[in-house]
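As structure tokens, here come the structures.
Both complexes shown next keep subunit A, but they swap its partner, so subunit B is in the first and subunit C is in the second.
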Partner chain A sequence: MTALAAPPNSPPKLAGRASAEANRRRMTRVAYGLLAPTIIAMLVVVAYPIVQSIIQSFNSDASGIDPKTGLFRAGGFVGLQNYTNWLFQQCQVGGVTQACPAGSPQAGFYNSVFVTFFFTIVTVALETVFGVWMAFIMNRNFRGRGILRAAVLVPWAIPTAVTAKLWYFIFDPSGVLNTVLNVNVLWLSDLWASRFAIIIADTWKTTPFMALLILAGLQLIPEETYEAAKMDGSSTIQTFFRITLPLLKPALVVAILFRTLDALRMYDLPAILTGGGGGGGQGTQTLSILVVKQIQQSNDSASALSTITFLIIFAVAFIFIRVLGANLTGNAPKARRVAKEA
Partner chain B sequence: MKKALRVAAVGATLALSGLSLVACSNGGGSSPAAQGGNDTGPITYVQGKDTSGNIPKLAAMWNADHAKEKVKVIQQSDNADQQLQDLTQHLQQKLSDYDVMSTDVVWTAQLAAKGWLQPLTGDYKLDLSGYLPSVVKSGEYVGTQYAAPSVTDSQLLYYRKDLLGSKAVPTTFAEMMALCPVAKKAGVDCYAGQFAKYEGLTVNFNEVVTSNGGTVVDEKGKPTLDTPEAEKGLQELVDAFKNGNIPKAAVSYQEQQGLNSFEQGKLMFLNNWPYMVADIANSDQAKDIRSKYAIAGYPGKSAVGGHNLAINAYSKHKGTALKFIKFMESEEVQKNRVEKESVAPTLSSLYSDTSFTDKYPYLVPLKKSLDSAVARPITPYYNGVTQAIQNNIFQALQTASTGGSVDVKSVLSTTSKAIEAAGSGS
Partner chain C sequence: MTTVAGPAVEAAERPVTNQYSASRARARRRKQGAAAVRTAVQAAVIVVWCLLPFYWMVVIGLRDSSYTFDPNPLPIHLTFANYASAFDTANGNYLGLALLNSFFICTVVTIIALLLGISAAYCLARLNFPGKGLIMGFILGASMFPGVALLTPLFALFSQLGWSGQYQVLIIPYIAGALPLTVYTLNSFFREMPWDLEEAARIDGCTPAQAFRIVILPLAAPAVFTTAILAFIASWNEYLLVSVLGNDQIQTVTRAIANFTGSIPHVQPYTTIMAAGTIVTIPLIILVLLFQRRIVAGLTAGGVKG
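== the complex of A and B ==
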């Protein structure tokens, strides 16, 4: 009976599996159909400029001037020349490749790399410390907490360009800061003063962002853990380092990653405050400022530089996710595993 | 299906990048400026932001007489870099929507070298004999006129006549420096121009070099800074920064900061543009010095500023565009613009018309400056050249202002090399 029953049973089973398969395929098709507009939009908006910029970076837009008419001669494919020009600080003078003289954009490349990383490390460190501190204050229960939280957000809510202009007036040689401190510091042209002017303005502006992300993380820590710690006689410092910080880490890492990536492409603050100047004239010239300056001279060389900048930022993000296990994709177990391995 | 989609996606990307390749190859090369054909019809005139509100009125004046060739005015931002960027974007795509363009004097070469400007030759020849020669020259590139003079500008010397007393107004940099003890005695700074790292520094550097008989680049765009004249010019600035005749803070001065210092009575000599006259007349902080200052021509050779008018090579109505330029150049319009916009006219005869200059006294010292004024480097690589100058000269002045030693000769030699590298397009 069972032997007889089996054959009629299996075809429907097979049919069931086949229809499930067909079903899934249909679902997939529908899903792709629904996603198509988004994918196409992403291709147009994201992929196209990137691809175009990379293509441009291998070209030269003009290869000199026709001495008779004064018109530009069309350029063409130049391979990696735009990249090597930046990385090895080379210039082509009269068709000969040689080391760039001071004052040409390529000669300022490593200075810009240093400035960019210097700003990133110092501002992110300061913003993390102040951010944690502010988050702790905002996390306490006290009267007027709502007002405080709103007030803390104000610097973040002001557009960066406005912030920059605001600080521009504060840092003016005859501005508020020099008057109040009764000093005569050239905040926007001295080498280190201008760097710290930008760090101060940036920290003032973006600490609230950090504080809010950290506050969100703080509020996820259950009250019971603190109670338990108190029962066990843990001191405040022990509680902070043994309980708060480890539990805060996922939120903290994401906040630091976001800020780092943001700081690495810093443009508007130094552009408005110092125009990239300071010291000998390039003291606050970040990579993004160098890119924008170069666009006016040569699109293709600027494309190469922006690709280099993109790769640097990409590498930093990659290292971050690998080493600190920042959980961005929602794959928490994997991120935790990676973090543990690291 | 998945595969098909992936292929489609790759195909789309390739197609798009193909497009971009096409877009890229549009750059230099042949000139689209076909000669002849006096096509007429409605046109567009584009210029930077008009704060006076006078340009639309001029357009209305033109439109009243030209019903079939009406002009539409488009105003760009008030930032020169953004204006140039806007023009570049339109011209790169060969758009015909801008017919007449107001171009800064330093843009002529770079726009012309791309083949974007209609040469003003043949059917488009204009009689420019009555216009200031230094300004006409600023619209010229490789022996061809590409832009017609519209409004000009040159720097003036603003000075405190109460401090100067009966002493003669300086006509050279050295004479001015010799007067600095007067400022010191009065407890004010002696001289300032524009020495922050931006276009103003190129202007001021150009001035000290040309005032001593040197040039920054030759006609072919090759740097000519390895000369005793150029050395003498830069040495003047370096010395003045070193001995404090130019205040240390001046390395951060653009037009406005220098003006602030002058208006607050902290400065004896200021090198600045004519439009500061209006500011001193109205600004609250200037009330103490308003009756104590005067203006004279720049002590030496000023740089030329201002804007020219050029026709888009892709314009569909070049005939009307040319007529409109002639209208803008006319004595009537030039006078009107002096009255309404306080600009410097380019028609020579206006400066010798005493009934006119009596009404606008700033025109007299301005003419003195303009007579000897010299254009900034004319080169299609202007952006690179001005960056090369700014980077090197700023560093030298900054060092001098903090008391460091500056070897003028080696600074100029590095600047030359950087200009040459910029002129090679890298």
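== the complex of A and C ==
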């Protein structure tokens, strides 16, 4: 941001106020001219679907396919009904609002909220702890550090779909994991085993990304800080908790925020590994999986659910930036700005 | 918490001054040796943890399918038959076609995202104008929006336009994913550019466009290239959109892999899937190994430097 503070095209010294004003207007025109393609593209591919999706979410569940267009027939404006259906687990049967039968998508809403948050909290916590550990090792000087840094990128580079298939094979009832551990766990159908199968696969895949972000933060901490702490007789553990961690906090907050927002949208891994199943059939059904399942039944109701999902993600991001950002005020203004921009 | 030994090791590597007695220096060296061993062991654990599943995929992809569940970690019962059957279309798997589709779609998406992203990122990093924060917020907010929310309206729109089963059905939403990433990464790279040089070029008589093209663009080439790799990999790995919007003909490799079926119903052709997975992953592994430093720089540029 510091680069931006300086006026980019320093106005000529001789120019008066009017010409500075004209200069600014010209620059704004140029800026929007250059931004126009991106803005238009974003409006078409992002804003239009979002607005359309929100409009749909206020319309009634379509009653069938319109034979003329091959699309769902819109059922007219119904206010917040699609939202209350999800939040209060109601269904309309023959025009009467009543509690949904077990097994309907609406009845699985809070289960999916729980599953999504459970996955998010556990995977982000594990990935943070392992990520800090990996980053510390990668930050040291030793022979073979290049191999370590290359190896860490391998799980990151493998497409999630391939990762899911790979772990699907590892978790097979007669697969290598059960054979090596000499157990007989149904990793992909047992309720908690399937949840932890997804957590294991996700942690394997994403910890390296976390580690790289944390490593970049570690490298910003000047060596002298550690030396000063050592001079003052700080033990290694004290140094870690009193020096390294606070200085690492800006990078850590950003890494955790990125990962949390990603984890709340988790789809690929559970969709391929378990199809959202496990336990009674919804043990690993994240909100994104529920939306995709609902799309096949009703576009409007699915739109309401995806809007709810977005609001949840937005709320989490907001809380993150407010709470963690506020804590950082004073001692690390830059960190706060980073968190804000993220 | 042995991990916290990090700073101590680095401090110990400075030359020992003669204020230390010989014995203290020896103790120090011993401690340093023990720390080096600890580091090496932990590094080895990380390398094995990261590579073992990948290694297993490669090994099983080369193994005779009658030994699929043999836990022997060595490459035994070698065969290339799985690679042949990975490309076999008899069971409704179109991996070859999906590979071509992926290359085509991801290249187009990367090029479009870069063309749009470079000018946008230049503006956001370089120019001051009203509404900048709002636009940056919109772009970042767009990347936060759940991909599933784009699905329903786009699906309806594309059916209306009669586009089902055409490339733009995938290319357009893929741009929605790649563009915020491109703008964000390029923006954080551009902030670090030596803009004084551009001003010097202006003073020497260049127009702003010339100054950008002649002075800044060559300097920005590595950043643009890095961003291109990241956008390409992100598009290559996308699954949610293609799983709903794609079909067996217009699909990318991730959907092909996820839907891979064998000749026997309800039996996963694991060795073939592992071979297919290896084929799909190898281009990315090569990219990553060749451009390791740049990729790491690109991944962390947005996150840390702010």
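Just so it is clear, the second predicted complex is superposed on the first by the 298 of 342 C-alpha atoms of A that agree within 3 Å, B and C clash if a C-alpha of one lies under 4 Å from a C-alpha of the other, contacts with A are read in each partner's own complex, and residues count from 1 in each chain.
The criterion applied here is as follows: a contact is a pair of C-beta atoms (placed from the backbone, for glycine too) under 8 Å apart; a residue touches a chain by one contact, two chains touch by 3 or more.
In this text the structure is predicted, and so the values were computed from the model without any measurement.
Novice: Contact-wise, after the overlay, does A:188 reach subunit B, subunit C, both or neither (first, second, both, neither)?
Specialist: After superposing on A, A:188 lies in contact with subunit B but is clear of subunit C.
Novice: Does subunit B (first) or subunit C (second) touch A:310, or do both, or does neither?
Specialist: second
Novice: Touching A:52 in the superposition: subunit B (first), subunit C (second), both, neither?
Specialist: both
Novice: Touch test for A:85: subunit B only (first), subunit C only (second), both, or neither?
Specialist: After superposing on A, A:85 lies in contact with subunit B but is clear of subunit C.
Novice: By the touch definition at the top of the document, which applies to A:113: first (subunit B), second (subunit C), both, or neither?
Specialist: neither
Novice: For A:265, select first, second, both or neither according to whether it touches subunit B, subunit C, the two together, or no partner.
Specialist: second
Novice: Applying the document's definition of touching, compare subunit B and subunit C: which contacts more of subunit A?
Specialist: In the superposed model, C touches more residues of subunit A.
Novice: After the superposition on A, what does A:293 contact: first (subunit B), second (subunit C), both or neither?
Specialist: A:293 contacts subunit B only, not subunit C.
Novice: Should A:122 be classified as contacting the first partner (subunit B), the second (subunit C), both, or neither?
Specialist: neither
Novice: Which partner does A:164 contact after superposing on A: first (subunit B), second (subunit C), both, neither?
Specialist: Touch partner of A:164: subunit C, not subunit B.
Novice: Starting from the residues of subunit A touching subunit B, keep only those that also touch subunit C in the other complex, and list them.
Specialist: 28, 32, 39, 44, 47-48, 52, 56, 69-72, 174
Novice: Applying the document's contact rule, which stretches of subunit A touch subunit B when the two form their complex?
Specialist: By the definition above, subunit A touches subunit B via 25, 28-29, 32, 36, 39-40, 43-44, 47-48, 51-52, 55-56, 59-65, 67-75, 85, 91-95, 100-108, 173-174, 186, 188-189, 275, 277, 279-282, 293, 296-298, 301.
Novice: Can you list the residues on subunit C that touch subunit A in the complex?
Specialist: Touching subunit A: residues 1, 3-11, 13, 36, 39-40, 42-43, 46-47, 49-51, 53-54, 56-57, 60, 69, 71, 112, 115-117, 119-120, 122-130, 132, 135-136, 138-140, 142, 144-157, 159-160, 172-173, 175-176, 179-180, 183, 191-193, 195, 199, 202, 208, 233, 236-237, 239-240, 243-244, 253-255, 257-258, 260, 268, 270, 273-274, 277, 280-281, 284-285, 287-289, 292, 295-296, 299-300, 303-304, 306 of subunit C.
Novice: Mind listing the subunit B positions that touch subunit A in their complex?
Specialist: My answer: residues 1-2, 5, 9, 12-13, 16-17, 20-21, 23-25, 27-31, 81, 84-85, 109, 112-115, 141-142, 144, 196-198, 220, 248-249, 251-252, 257, 260, 380-381, 383-384, 387-392, 394-395, 398-399, 414-415, 417-418, 420-422, 424-426.
Novice: Tell me, which parts of subunit A touch subunit C in their complex?
Specialist: For this pair, the touching residues of subunit A are 1, 3-4, 7-10, 24, 27-28, 30-32, 34-35, 37-39, 41-42, 44-50, 52-53, 56, 69-72, 132-134, 136-137, 139-142, 144-145, 147-162, 164-170, 172, 174-176, 179-180, 204, 208-209, 212-213, 215-217, 220, 223, 226-227, 229-230, 236-237, 239-240, 244, 250-251, 254-255, 258, 261, 264-265, 267-268, 271-272, 287-288, 291-292, 295, 299, 302-303, 306-307, 309-310, 313-314, 317, 334, 337-338, 341-342.
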